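What follows is a pair of complexes built around chain A, which joins chain B in one and chain C in the other.
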Partner chain A sequence: MKSAIIVFPGSNRDRDMMVALRQAFGSDPLMVWHKEVDLPEVDLIVVPGGFSYGDYLRAGAMGAHSPAMRTVKERAGKGVPVLGVCNGFQTLTEAGMLPGALMRNASLKFICKTVHLRVETSQSIFTGGYSAGQTIAVPVAHNDGNYYADDATLDRLEDRGLVAFRYVDADGGDGAEANPNGSRRNIAGIFNGTKTVLGLMPHPEDAIDPLHGGTEGRGLFEGLARALA
Partner chain B sequence: MKAIVHVTLKSGVLDPQGKAIGHALGSLGFDGVGEVRQGKVIEIDLAESDPARAETTVKSMCEKLLANTVIENYAIRIEA
Partner chain C sequence: MSIPNVAITPQMVAEHGLSEDEYQVLLKIMGREPNITELGIFSVMWSEHCSYKSSKRWLKTLPTEGPHVIQGPGENAGVIDIGEGLAAIFKIESHNHPSFIEPYQGAATGVGGILRDVFTMGARPIANLNALRFGSPDHPKTRHLVAGVVGGIGGYGNSVGVPTVGGEVNFHPAYNGNILVNAMTVGLAPADRIFYSAAAGPGNAVVYVGAKTGRDGIHGATMASTEFSEDSEEKRPTVQVGDPFTEKLLIEACLELMQKDCIIAIQDMGAAGLTSSSVEMAGKGGLGIELDLDMVPVRETGMTAYEIMLSESQERMLMIIRPESEAEARAVFDKWDLDFAIIGTVTETGRIVLKKDGAVQAEIPVGPLVTEAPEYDRPHVPTPKRPVIASDDVPAPASLTGALAQLLECPDMASRRWIWEQYDHLVMGDTMIRPGADSGVVRIQDTNRGLAVTVDCTPRYCVADPEIGGAHAVVETWRNICAVGAKPLAVTNNLNFGNPQKPEIMGQIVGSVKGMGAACRALDYPIVSGNVSLYNETEGQAILPTPVIGGVGLIDDVRKLCTPSLKSSGDTLIVLGQAGDRIDGWLGASLYLREIAGREEGAPPPLDLAGERRSGELVRSLIGDAAVSACHDVGDGGLLVAVAEMALAARGLGARVDVPTGALAHAWCFGEDQGRYVVATNDADRVLSAAAAAGVSASVIGTTTGDGDLTVGGSDLISVETLRQRHEAWLPGYMAGGV
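For the complex of A and B:
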């Protein structure tokens, strides 16, 4: 299992992601600086969390046009799985690899807390470690996590089963009070049309060790390890 | 010449910052404030001297980087 993490100036969850991939895959990911154009053949590319380029202009806008991201886009086009977490999700939407946009949280406050997510489908390389409908607890830490897409795009995502995770309460209810950031239809994570690209705001890589307060993020990495083995 | 780009949120896209500004204006005693929308202004100095060509270039800049057309509109003004 070979994997790579793209590192931008301002990435700060890149090493957390490295620990998560090491734990699940049994091998260290390559850490690839954003200026690199040449990326070795890998089975998985991760765009990590953080504040690339200080969120200048819009979160993820600068990183989306970095040399490494051009290669990531090209590889994704060939079917190489790409995972974007938090700033990585923002970057993938800015790069046009996932539909919609991540806007300022509706509360205008930075949100750092554990949330509950409902896994909407187990039918993907990313979510095979969970069962559909399962509720998991993982942290969020973001200022711009408010997922927006127009109604037609949201309907299309739902009709095609491309919503990966939704914010719910501890009992699995997806009411407005379970929505931390104002995301439309409580969406926390989505797939691209072939389900080979996943973007999500919460941090599964920060819920993989009992010392984190929970290990329910592990399923994502263990599922990936099985799917890509 | 100079290009001035106004980037604004599309109508229908919730603007929590605009809302907060409107709320603050109300609490400062300004009456009759309706909807407030916040945007950005980007000023760009250009070596180009032909206004039409400058506008074409800046339009491409907007589409590629300056605006996220999923949520934002842009308007370009070219000044000599």
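For the complex of A and C:
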């Protein structure tokens, strides 16, 4: 089980992700500097959280055009699974690997807190560790997590079962109160058309330890470990 | 040699903040009239901010040593040995004046500056904290200042990826014209790989790394050394602009280079920029430095020597490296796309020589510039003692739970969630206790050990009695660390006061330092770093004396940490440290007196330092032995507030609190007697007998319940959810403009 994390200048949850992958996969991921174009063969590529290139221009905009991301896009095209979390999700949308965009939070403020997510499907390599409809508690920490796509795109995502996670309250309700950032239709994470690329704003890598953010993010990594074994 | 010939007028000297006497000393050191660049250098080096000229005499009286102290005050930050080959490096620093003028950038660069102080010494920053004071919520500027400061702290700290795990905020009209923004960073380094700032080895290269130098922040240190007046807004250009992205790169590049054997000395460019960094490095090494200012990376053309030397552009460092390591060091900074420029050499001359455009622009003997910096024993008068207020002179409220709710929603007590949810407090994956508890706790990566960190000060007490207030700030951090089960190790202090040239203000400084020193000595809790911010006055109105303490403690097993949150119903609530013969509480200078009775007066509660030590050690051992399920120190608002906060930290639980027979109920509930903790336990006998054995008074005050209500004295009842709603509502409501 080999994995790689792309490290940009300004990435800051790269280590958190490394700990999560190590815990689930039993081996350390490769840390790949953004200037690298030669990426070894791996079973999973992760684009981590942080502020790549300081979020200048737009969050993820510059990272999407870095040398390493060209390779990531190419590998994703060949079916290599790619996970983008937070700034990684922003980068994947900027790179055109996922539809839509992440805008400034509706509150116009950075938000760091534990939220609840509903797992919309267990039918993917990323969500096989959960059951469909399950509610999990995972932290968010972002300034630009307000998911936007036009109605046609959203309908298409929903029709094809490509919404991975939605913000809900502790009881599973998906009202506006449960939405921390104004995302359309409470969307927290989406797949690409083949469900081999997942982008999400919340941080499952910060929910793998009972003493830190709880353990309900583990399902994602354990599910991946089983699916890719 | 050619020194540009600009005539120095008395007006120029005054504009540079130097007194006539100070200028005479300068003339003696120079043996000639200085040019404008040299005057600028003396001006910033001898500013209050850089020279500590009013406070030094008193700071020397503080205890700074201990068996675990590796480096006390005088370096970029303090360093303590925390065992297993690791050192904790930490410091607190103010960015008050800039934050008032430009709150977002002022606060952001405050965070950036304190981070650099810590990673300069070889530590990876693992926790940030901040202590904030704003004016009255009614003041037209307050909302804007809160929004800007909180945004700036978050904007910088979140981006560099260091969790902000604790802090405190007060509101008071005394800060209307001078807010306080004190930022603290804690980092970890291998104990045998600490980096210092003393230059060594004549001939070695002086290297400039990081961001380019611009015209921002010129004279920031001088600004921070005078009072504000109505035209202070014009000083906006002296505020620096931060770039957390560059800082993040600088952290990674410096820590990467520090793994190699390249650096001899390193110093960040903070206040007074290139001037203070080069002078301090040369001064500490007893050497000279020659700089070629044409080699300094600049972001605009036509900058003069004066501007380059006094710029406070952010995210810059100065290093002395081994001559043979240039290529290796350069490669690291190239990787991180940061400037790396050799701008000079270490010399044996003992002089700082600055060249530009092929000519010498300044030449100053370093020794006297540093050692003959003015130091004053300013006149001071002790703060008059206030009368002790008898509890029965303070009216009782209509209802105890009504008063409790009022206290929990007052600006000084209301939930700070609106603030700390804007701070990334989880990045790095080791936050064991999040903001909102007694201390924030971060685990040491890949171990079960953790650091407990807290910042505290109660200006109400300091203005009433600076000596008690200064001691109290130290003790409050001690209690907050003990209350989570950690052992307090050392502190850093941030002394925020008004104009020291006024004897009453100087009296506050002297009193606070005295109290602080006494508390630190009694608790074996040395002060290893600190910062002084004076002249926090506008139009003659000084702030409340605010000597903030940042405390750091260690816990050997984070799995044993304790929090204020109640865990189950049916537990016994016990107050530890409450003197058995005192059934009425101390209401002088209390929050109750101010918020409910509308009076800001009276002597603050006295402290028993030996008793603090006993109760703190008892609490720590009870937590270590898992004899208690929850613990909270009793602070602002007194006993009932402490119990309410424990219920608020839980979900669905309540408490029944019994007021002892014969007690004056409101004084017992809201008195702020010191040295106390409330614990919840399912084995009251064990706690009571441990307390008796430790010589700490203890009494049962109630039990936890499953009904979600807080019941006081039998029938006075309020639901915890109502309290929560009111506690949480104030700050977001206020910031939305709805209060």
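Everything below uses one rule, namely that the second predicted complex is superposed on the first by the 228 of 229 C-alpha atoms of A that agree within 3 Å, B and C clash if a C-alpha of one lies under 4 Å from a C-alpha of the other, contacts with A are read in each partner's own complex, and residues count from 1 in each chain.
One rule holds in what follows: a residue touches a chain if its C-beta (ideal position, glycine included) is under 8 Å from a C-beta of that chain, and two chains touch if they have at least 3 such contacts.
This is a predicted model, so every value here is computed, not measured.
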**Q.** Winner by number of chain A residues touched, once chain B and chain C are compared
**A.** C
Q) With the two structures laid over each other on chain A, which partner does A:I45 touch: chain B (first), chain C (second), both, or neither? A) neither
Q) Across the complex, what residues on chain B touch chain A? A) 12-14, 16-17, 20, 64-66, 68, 70-71
Q) Tell me, which parts of chain A touch chain C in their complex? A) 9-10, 12-13, 15-16, 19, 33, 49-51, 53-56, 109-113, 139, 141, 143, 203, 205-206, 208-209, 211-213
Q: Would you mind writing out the residues of chain C in touch with chain A in their complex?
A: 151, 154-155, 158-161, 243-246, 248-249, 335-337, 420-432, 443, 558-559
Q | Parts of chain A lying in touch with chain B, wherever the complex brings them together | A | 57-58, 61, 65, 93-94, 99-101, 103-108, 146, 148-150, 182
